[in-house]
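In structure tokens below, several structures.
Two complexes, one shared chain (subunit A), two partners (subunit B, subunit C).
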Partner chain A sequence: MRVEYINPFVESAFNVMREVLNVDVKRGELYLKSTSMPVMGVAAIVGLAGDVEGRVLFDMDRPTALKIASAMNGEDITTMDDLAKATITELANMITAQAVTKLHELGFRFDLTPPAIFTGDNMEVSNQDVEALIVPMETPQGKVEINVAIRERA
Partner chain B sequence: MKTKEDFPSINERMPEGHRPDGTPFRILVVDDSMFVAKQITQILTSEGYDVVGQAADGLLGLERYKELYPNVDLVTMDITMPNMDGITALQKIIEFDKNARVIMISALGKQDLVKQALLTGAKNYIVKPLDRKKVLERISHVLSK
Partner chain C sequence: MSVQTADKAQPDARDEKKERADKVDFKMVTFSLGGKEYGIDIMNVKEIANASRFTYVPNAAPFVRGVYNLRGDIISIIDLRTMFHLPAERKNDDSLESLLILRIDEHVFGIIVDNIDKVVGVSRAGIQPPHPIFGDINVKYIKGIIENQGKLFIILNVEKLFSLKKESDAPPPVARLAAAFAPQAPAVDQAIVPVTDGNVNADFIMETLFAFRRFGVSAINDAWFRARFEEWSSTRKATDVQLKEPGEADEFLSTFYSPCNGELWSEEYSAAVMAALPPAQSKSVNVWNPGCGKGYETYSLACALRLAYPEARIKIWANDSDLLAISMAANMVFSAENVPEMYRDLMVQGRNGLTFNQTVRDSIFFEFHDVMNSNPVPPVDLILSRDTVSFLSTADQRKLLADFNEKTKLGGAVILGANERLPMDGWNRTGGEPVSVYVKGA
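After this line comes the complex of A and B, so read on.
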């Protein structure tokens, strides 16, 4: 997978999280996975289809998701209820929208699916024929991994 | 003892959400995200606006506008929504009431759709993430015209 696909997601995740959480965000080392990998507990997924195809996953554990939802709503949210899910979905939405703007400027044309959210224990995600690049982002609320698996359409 | 009357009232100001006669402006919020709808509602009510309705898609938004009319002053309208998108809902609201004041709420990267909305008759737009100051400025500007 070409690294130019992931940079826009990393930059916009960094910008959006810093803005909506009003905190310092640190970027961890990028790594590559070609087999299945565990999902931490709460994952928002956005699909891409067009010149490039694949998906982007925003993965975090449940306490992190609750802390992020609490910070974004300015109130304490203790269960993964509809509001918490809507909040994490909206976070994924804003990050993806900003990244896609950058990719469109680079000349890539594709559409996005609305974000969907998965919650549960012992989940894993597998990609056939696409490598996934993962960028961990450290926030005071916890770690969020941006997991991008995109390829050019054959 | 000093009473309140002894102090000048320089710090008192009318909340932005009120008309000069003191009655609040009435807003309809159309958004499929519970989070965004709540965020907009909180920002508006904190400035004295009256959120008279919420709708979770364009079709419900259109129906709600017709029910509320003429007791609604402004609509905030998301663009990407199920059942009926925000641009179609905007178009239908304007067909129903050519003076409708609708502000689009958009994620970044929807410039073409925003342009289309403005050509269709939207009065302004706000790009997410929503910033309190930006939301209040755009809305009071549209209402002042």
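After this line comes the complex of A and C, so read on.
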């Protein structure tokens, strides 16, 4: 993944989460991964197209998703209902959009697909031939992993 | 008695052979590409045409020349020569290219070839399987070889070449054959095994080097290691030979590194590298630079190539798994006293010091990437990997060198570190000390 892409994603994830949750967010160590990886339970995915191809996956476990949805809506949400799903989707959308805006300012043209959300137990994402950058975020609500896989179009 | 039977048998065999050759059950359209003869099954060929002025499609693969309006149908045009990395003369926009219009399943598209010859009828039984060490074209795209009127034709498997489906996981029979015969792969396997030595001290140093600095001693750097070990043990007391801490490992490795490590290449070194490289094969030079670190060598090579081939389109994929180092690389700033004269023309004065100009920077992609994951670089003319392969475990070295072999075009080159050797068949070393360059032979 091009180094120019890394910072916009890290920064916007950090900024947006801190803003919408109104809490202190800690960023973990970045690393690369290419093997299939388990999804914690709730995964929002946003596709990227344009100069590049790829996707951004926001991965968290169910309690974290519910707590984040509760914090963002200012009410207590206890089941993974439509509102909770829409909230997590929106969070994914906000972070990706802000990153893409930053990249646009740097001269990279990216388009977004509408976000989609997956929930379930024992899920696994595998696209073996794509290397993903993992940005772990620690919030008081729990851990959110942002998994960015982008490659240049050949 | 025995003489008679032999007499009888011989004409029989000849008849049979003749009969086989006579029976025409396979027709192919023949054409030439880069001076060699090829054939495509006529059942896949819809028509033959001459055309020019293809409409360029942005962001398409390099071998796609564009689209063309064939009597109202828009078809894509693929340049087979670019696809197979064969030399292609660039005609000007108006002159006509020879096109074969192919139909595979429902898809119609055109391929550009050098010259279309004629339709040849042959017998299917005479087609021989391709030999796995076939040169220019990946063996899995070759259906077979046939001889006709003294000429050998390579029959392309267009279904496989242009099929839209992903290849299934099981390799096709031909590829399996290729794997069995491929000269390089087994050679690498044999070459890169952890070297062991009867000498316990040497073995122990190998282990500690890997533990402290992840330096894997193998056929790549064995020559250096042995010489260094001799030197090391002769200058140290017998009780003091072992490496006890990372600092000592660094000291042991201090003679390993290539010249101009962690700085821009000096003019002499840059000239030595360029002298060892084969001349550029085309107007576009693709380079892969795994383990580029802070990017000094990447910029140095980019400049050397830019100065040597001012007209060429240079593209360098530089990657490293050290996030901190690679993040700095894209926006590196130099102070004037550290920059050799030859780079000055390619630099601009910025707020904090000198930086390389936009042309140079645009030619380099710095990527945060681990070479042990799949390497998505296209086929390259040049691989720059100084003192990188040695710092991997022997299993990883084997995998990376296999990738080098796969990604380098024929006639392309690999630049290794000064004390590294490429233990693979089919590669020829060029250039003298301190430059270690290997050219992939035909």
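Methods note: the second predicted complex is superposed on the first by the 153 of 154 C-alpha atoms of A that agree within 3 Å, B and C clash if a C-alpha of one lies under 4 Å from a C-alpha of the other, contacts with A are read in each partner's own complex, and residues count from 1 in each chain.
Convention: a residue touches a chain if its C-beta (ideal position, glycine included) is under 8 Å from a C-beta of that chain, and two chains touch if they have at least 3 such contacts.
All figures in this text were calculated on a predicted structure; none of them were measured in a lab.
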Subunit B and subunit C placed together on subunit A: clash or fit? fit
One more residue to check, A:94. First (subunit B), second (subunit C), both or neither?
first
Original post:
Of the two partner chains, subunit B (first) and subunit C (second), which one does A:153 touch, if any: first, second, both, or neither?
Top reply: second
Let me test your reading of the model: by the given contact rule, A:111 touches which partner, first (subunit B), second (subunit C), both or neither? neither
Reported in degrees to the nearest 10, the CA-centre angle with subunit A in the middle and subunit B, subunit C at the ends is 130
Task: Quick one: classify A:121 as touching subunit B (first), subunit C (second), both or neither.
output: neither
Next item on the list: Applying the touch criterion given at the start, work out whether A:30 contacts subunit B, subunit C, both or neither, answering first, second, both or neither.
Entry: second
For this session: Report for A:76: first if it touches subunit B alone, second if subunit C alone, otherwise both or neither.
Result: neither
After fitting on chain A, the minimum C-alpha spacing between subunit B and subunit C in angstrom comes out at 23
Note: in the complex, subunit B contacts subunit A through residues 33-36, 38-39, 42, 80, 107-110, 128-129
Within their complex, subunit A touches subunit B through residues 16, 19-20, 72-74, 82-83, 86-87, 89-90, 93-94, 97-98, 100-101, 104, 114
In the complex, the residues of subunit A that touch subunit C are 1-4, 6-7, 30, 32-34, 51, 128-131, 133, 151-154
In the complex, the residues of subunit C that touch subunit A are 59, 61-62, 321, 323, 326-327, 329-330, 365-370, 373-374, 376, 378
